[in-house]
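First, the structure itself, so that you have it in front of you.
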C-alpha cells in the first residue's frame, strides 16, 4: 500500500485550503477571550510538546492547516506528514513544541479539524478502493452536499482520499435536474433545447440527471454529454449501461443516489464511468490521539 | 408526542443563528458567478413554488435560516414551521414561491443547511429520549467537537433537539484535563490548587476530567464542582457514582467518551447527572424532500 | 434590435452579483465618516430626486446593485431598467427619491458601479455582434484577466452583454498552457498524458493552449476536447481550422490572444467555435448622466 | 436651548454609521450561541416593550443604530429620537416592542452603544459650549486618538455634539510633527521644504505642529496654512496669537494638548481658531435607563 | 511590588488578543491610502528608531499587539515588555526600528491601542488593590459594558490588571435580572422556577440580580448560586451579607452598580465575594510617551 | 530618465496597499478549491522559477503585493523591483522560485494585479509628463471614479506614476457641485454660505465646481479656496485663468472633465494649477511577460 494516496499539493493557499484569517477565525470560535483554565492553573509559560497520532488506519488531511494554526499561536512544528498520507494505526504524524498555554489554545481546534478532514479523506479512500476493485478506471466524485461552510476542507479531503469533486457549484457546470424541467413545457422540450445549450456552452459537458431507463435513453439520443442516473439499483443499471453505450458512445454515464462504501463495488460493476456520492462527507470523524508532555527548560 | 421539543427562539439574531452576511456567504460558496444551467435553459423568470417536506421523523432545525436565505434571493415564504418542531415523515414544513432562477439559486444551499442541522437536532432528540427513559432529570450536553466553522448551526441544533451545550469554548468555563495536569508537578498538585481556582473563579463551577475511580474520588474530596468521568464503562460507573455522591453531595457527575444513542440509556442508568457527547454532530444528514412546481402567471 | 440582450436574472444573490455587505463596503470606501460637504451645506434633509440616463447607446449592467445601494441608504427607487437592457442615448433608466444627504452619499458610488459594469457589458455586446455578423453560432467568452477584486461585477457584465465566461478559475476546468508543459519531460509527454487526464476528469473537457500549427494538430490527434490557439493571425487560422476539423471533428476550436472589436469579425470568419478575449474588461466606462432635482415637500 | 444640536444625517449608511453586518457582529460578540437565561426561563415568546430614557441631560447618539439593531432581531420600533437631539433628564427616546427573547438579545448591546456614543456626543457638546462662550466662531475638532476600532461611532458622536473631526487619518491631510522633523537635517530644512509641499498638495492646507513661540513664528513666516500649538498654556498663547496673526493673517491657529471642558473656555479666550482635543472620547458613558414591560397579547 | 501583576499569556492568538487581520484593519482605519505627510516630506526610506515609555505608573497592556502591528509594517522590535507588567513612570517598554515611513504608519495606531488598553489594565489593577486591601480573597470582575467592538482588548486588559471577566455574554452564563422577571407571573414565579433551571444548567452557577434585602434573602432561600446585589450602599450590604451567609452558605455574593476606585474598599469591607464593575473601562487612556530618532545608515 | 519616478513607500501596510487577507481573497477568487490542471498533470511538486518582465516601457506598480502573494503560497522571491520604478521594455523585475503547483496557483492573480496597477501607473506617468512639459509646477490629481472595489490599488498606482489623489471620498474634503446647489434656494445662496463653511471647516480648503466663466468668477469673488472648472475647453480656460488670478490670487484653479494624455499639455498651458482626471484608471493593462522554467533539484 502506497504511503501517499494523493499529493493534494495544489491547494488554494499553497499546501493549505484555509487562509491564516480563516484559521484564526476558528481559534476565536473556540477561545474568544483567553483560556480560563490554563490561566487559573498558571501553567501557561511552561514548555511542552504535543503529539498527534493515528488510532486507526487513516488517510491524513489538513495536517498543514493544523500545523499552521499552531504556528500562528507561536508553537514550533517539529514533525509533519502531508495531507494524503495513508497511515496505519499508532503512527505519530504531527509534533509541535511550545508553551503550555499556546499548545492548549490550539489543541482542540487543530484536533477537530484533523479529525473531520481525515474522516472524509479516509472514507473517500475506502469508496475509491471499493469502486476500483470492480472497475479500475472508474472515478468517485463528491457532490456539493457538504455541511454548509465547510466546502474548502471537504474538497481538499476528497482530493486527499483520491476522489475528485463532482460539481463545485452552479456557476461552472451544467446539470439539468427534473426540478429544472418542470419549468419547461415538457421533458421533450429539454431534448429539443440541448443542441442550443451545447452550442452556447461549448467548453462544458452538458449533463442531465434522469431516474429511469427511458429518460436515460432519451438523453443519450439527445446527445447529452453526461447522463447521471439517480437512484437506480445496480441490477437495472447493469442492463441499461450497454444500451447507453450503444446509443451514445461518447457520453459519460454516472450513477448517483445512495451510493456508499457498502454498495460502491456493485455500482462499479454495473459499468458506469462515475460514482457520484456524498457518502464521504457524513460519518464519524477520524479518531486521533493527542498526547501532551512537559519539557524541562 | 409534543409537536415542539424546544422553542429555540432566543438565537443570536432573533430566531436565527446565522446573519444575512453569513447566509450570503453560503450562497456565494455555491453560486459565485451566476447559475449557468438555469441561464442556458432560459427559465429564470418563470414563476414557481418550492416545497420542503420530511422523509422521516425529524426534528427540524434552521428552517428560519433557510427561509431567510430564500427571502434574500427575492422569494416569498408562504409556510414555515419553526426550528425545534418534531414532525413525522411526509410533512411539508417550508414552502416558498418565486422566479425559477431564484428558487434554483437557493435550493441546494437551503437544503444542505436544513439537512445538516436537522440531522443534528434529530440525533440530539434521540439521545435525550434514550437518556431520560432511564433517568428523567438527566441532561445530554454537546461537546465542542463540531466540524470547525459550523458551531452556530450545531449549537442551535442541539437546543432544537432539547440538548444543551457543554462548554462553548475555553474562555467561559474551567475544565482540567490530564493534558493540563502534565504541566503541574503531580496530580496531587492539582488537588492542592483547586481551592485557589475556586476562590478566583467564584462564578464558575470548576470541572475536572478523570478516567479512573481513584482520581474521581480524589476530585470529589478536593471539592471539584464537576467531575467528568471519561471512557469508563456503565458498570464501573454504576458502582462509582454512589461513592462520589457520598464524598461530594454537591458535585455534578458527568459521563463522557463514546456515549451514543446505543448506550445512552445504560449510561443514564448509572446515575450520572450529565451525559457529555459529540455523537449528535456526526451522522447522516436528515433526508428532506424538495419538490418544485411551475405556477401559471 | 431587441431591448434586452440577456436576462442576467440568475445572479448569485437573486438579481444581484453583490451582497448588501459588499455594497456597504463600497459605500464606506467613499464615505467612511459622513459627508462633510452636505453637512456643511445643511441640505441633508431636503427631499430630492436623482435620475440616471444614458449618454450613448449602452447595455446596462448593475442597475439592480445601484438601486439596492440607494435603498440601503434609505432612498426609494421609482424606476429601474434591468441589467442586460440595450438603450439608445438619452434614456432614463434609474430614478430614486430621498433626502438630499442620502442621494449624495450614494451618487458617485452608484455611478461608478453603473459606468464600470455597463462599459464591460456594452463592449461585450459589440464583440458578440461583430463575431456573429461573420459566424452566427460563434461564442465570445471572457477570460479571467479581470481587475483583481472585480470578478463578480465583470462576469455579470459579460452575461449582460450576451457573452459567456471562459474559465472562472483554476478549480473548475482544465486548460494546459506551455507554462505547464515546461514541467513535463517534453511536449510529447503531454500528448501521452492526455488519455489519463481525460479518464480522471470525465466530467470536464480537457483543453490545451497551443501557439502554432503543428502543436494544434498534435492536440487534435491526441483528442484534446478544446484546442485554444493563441496569437495566431486570422489568415493562418483560416487555413488551420479545416485541418483540425478533419483531425478532430468533436474538438472545440478557440482563438485567443489580442482579439478585440476591430478584429473579432475576421477571427470569426476563420471558422473557430469560440473567441477567447479580455477586451471587454478594459476601456472607458460607459458615460452616464446624473441629474438631481429638489422636490417640494 | 435647541432640541437638536446637529442633524448628523449624512452618515456613511444614510442615517447610520454602522452597517447591518457591523451591528450583527456586535450582537454576536454578546450572544454567540443563544441566550441561556431567557431560554431556561422559557419567556422567549412573550410579547414585551423596552423603553430607553435619559437619566441626565444628554446629547443622543446612535439611536438609529440601536433601533436598527433591534429591528434586525425582529423587534418593532415605535418611537425614536434622532442622533444629535439634546434631551433633559428623564425623557424617553427609543421604544421598541417584540418578543421578550428578542428584546433581551439586543438590550445590553443597544444600551452599550447608546451610552458610549451619547457620552462622547454630550462631552463634545459641553466642550463646544465652553469654547463658544468665550469665542463664538471657534471650532472644537476631535483628534484621531479614539479607542481603536470605534472610529465610526466616535466621529458620528463628535458631529452629533456639534464638533468636527480634526484629521481622519494619514491619507487625507498633512500635519508635520517633531517626529517627522527628526528625519530632516534640521527644523530649518522643514521651513525650506514647505513651499514644495504646498506646491504638490495644492488642495490641502499644510499643517505644522509646534510647541514653542519661536517655532510658531517660524511656521508663520514659512507660510504654513495651519499652525497647531501643542501644550502651551493659555497665557502664553494669548501673547503669541496676535504675533502670529500679524506674521500670517491667513494661517489657521490651533491649540492642542490637554484641552478639556475645564480649560476650553480659557483656551478659546486666547484667540485661537481651533481647539484640537481628544477629551470627548474618554469619560463615563451616558447613563441611560432601560425599562422592560410585558404586554398582554 | 511585583513587576508583573498577571502573565496574560493565554490569549486567543497565543500572546495576542487581536489577529493580524484585525491589526491590519486598525492600520487601514488610520491610513487607508498612504501617508501623505511622510510622502511629501520624502523621508519614508530613512532609518529610525521609535521608543515607547511610561509617563506614569502603568500596568502595560497590548504591547504584544503593538509590536506585531509594527512588525506587520516591516519594522523590527528590539525591546518589549509583556502585557501585565507594572512599570513606574519613565520606563521604556517597547522599542522598534525601521524606515521612517513605516514607523510613522504605525505610530498613532500602536499608541492608541497601548494607551486605551493600558488605561483599562491600570484602573483594573487599582480597583483590585483597593478591594484586596480590605478583603484579600475578593475578586473584581468586569462587566460586559465595554465600548461595543472593543471586547477582546478590554478583557485582555482586565486580565492584565489582575481582574477577571464577569459574564462574557448571554450564551455562557445565567443571570436573571428584573427585566426577565417582568415576563414571569411574579417574582415568586422566579423562585419557583430556580430548581428547574438548576436541574437543566447543571454545569452553571445560576445567578440572580436583586436590589433589596428581601429579594436577596428570597434568592438565598431559593438556593441561587450567585446573588448579585445591585446599587445597595456598603452600610446596608454590611448588614445583609451575614444574613445571606446564614441562609445560603454556599452562595456567592456579589455587589454591583456604581462601584469604582473610590468606594471599592468600602464595598469589599462589606464582606461580599465579588465586586462587579465597569469602572475600569471608562476613563483616561494611559499617558505614554513616544520618541522618534533618526539612525545613521 | 530616472529609474524611479516616485518612492511610493508609505503605503497602508508598509510597502503594500493590500493586506495578507486581501491577497488571499484574490487567490481564492481564482482558485477556490485547488488547481485541477496542475493536479491532473501531477507536476505540483516539481521545482521551478517564474520570471516577470516588461514588454513595453512601464512604470511598475504592485510588485510588492505580487511578491507577497507568491510568498504566501510558499514561493521564494529572488529578485524584485519596487513600485514606482520606470523600466524600458524587456526588463525582468520579479523572479520567484518554488514548486510548480505553487507558481501556477499565483501566476495569473499576480499577473492580473501587476498589469492592472502598472497600467494605471504608466498612464499617470504619461499624463504628468505631458502636463509638466507645458507647466512644470502643475499637478495631475486622480478622481475617485475608480472601478468600485479597487481604490487601494488605484491610488497606490497614481502615487507610483507621480500623480496625487484628488479627493479620497466624501468625509475628508469639501467640494460643492451643481448637484448640491440644486438644494439651495439659488446659486447665490451658495456664495452667501461660503463664509460660514470656511469658518466651520477651517482646516480644509473649500472647493466649488463650476462650468462657466461667470460662476468661476463668482466663486473667486466669494473666496472659494479651490475653483474646479469642469468641461471648459483649453482656449476658454486660457482667457479665464488670468481673470481668476486677479480676482483671487490665493485660489487654486483646477481643470476637470475629459482631460487625457492627448489634451493634458494643452490644458496645462492654460495656466491652471491642477488637472483633475480619471483618465489613468481606464485603459489597457500593462503588457507583462511571464516565463516559467523547470529547475533541476
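Note that the chains take the letters A, B, C, D, E and F in the order they are written out, and that residue 1 is the start of every chain.
Criterion: a residue touches a chain if its C-beta (ideal position, glycine included) is under 8 Å from a C-beta of that chain, and two chains touch if they have at least 3 such contacts.
The structure displayed is predicted, hence computed values, not measured ones.
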Maximum distance between Cα centroids and chain B occurs for chain F
Regarding the chain E and chain F pair, does the interface count as same (over half of residue numbers shared) or different (under half shared)? different
Over half of the residue-numbered contact pairs in common: that is the test. Which of A-C, A-F or C-F passes it against B-E? A-C
Separation of the C-alpha centres, chain B versus chain D, in whole Å, is 43
For chain A paired with chain B, centre-to-centre distance based on mean C-alpha positions, whole Å: 23
Here the gap between chain B and chain F, centre to centre from mean Cα coordinates and rounded to Å, is 51
Residues within chain D bordering two or more other chains: 12, 20-21, 31-35, 38, 104-105, 151, 165, 168, 171-173, 200-201, 204
Complex contacts: residues of chain A adjacent to chain E: 20-21, 24, 27-28, 31-35, 38-39, 42, 44-45, 72-74, 99, 101-102, 104-105
Note which residues of chain C are touching chain F in the complex, please. 22, 25-26, 29-38, 40-41, 43, 46, 48, 100, 104-105, 107-109, 111-113, 115-116, 144-151, 153, 169-176, 179-180, 182-184, 190, 193, 196-197, 200-201, 204, 282-285, 290-294
Which stretch or stretches of chain E touch chain A in the complex? 7-15, 17, 19-21, 151-152, 155-156, 159, 165, 168
For chain A, which residues are in contact with chain C within the complex? 12, 137, 139, 141, 164-168, 171-173, 199-205, 207, 226, 250, 252, 254, 273-274
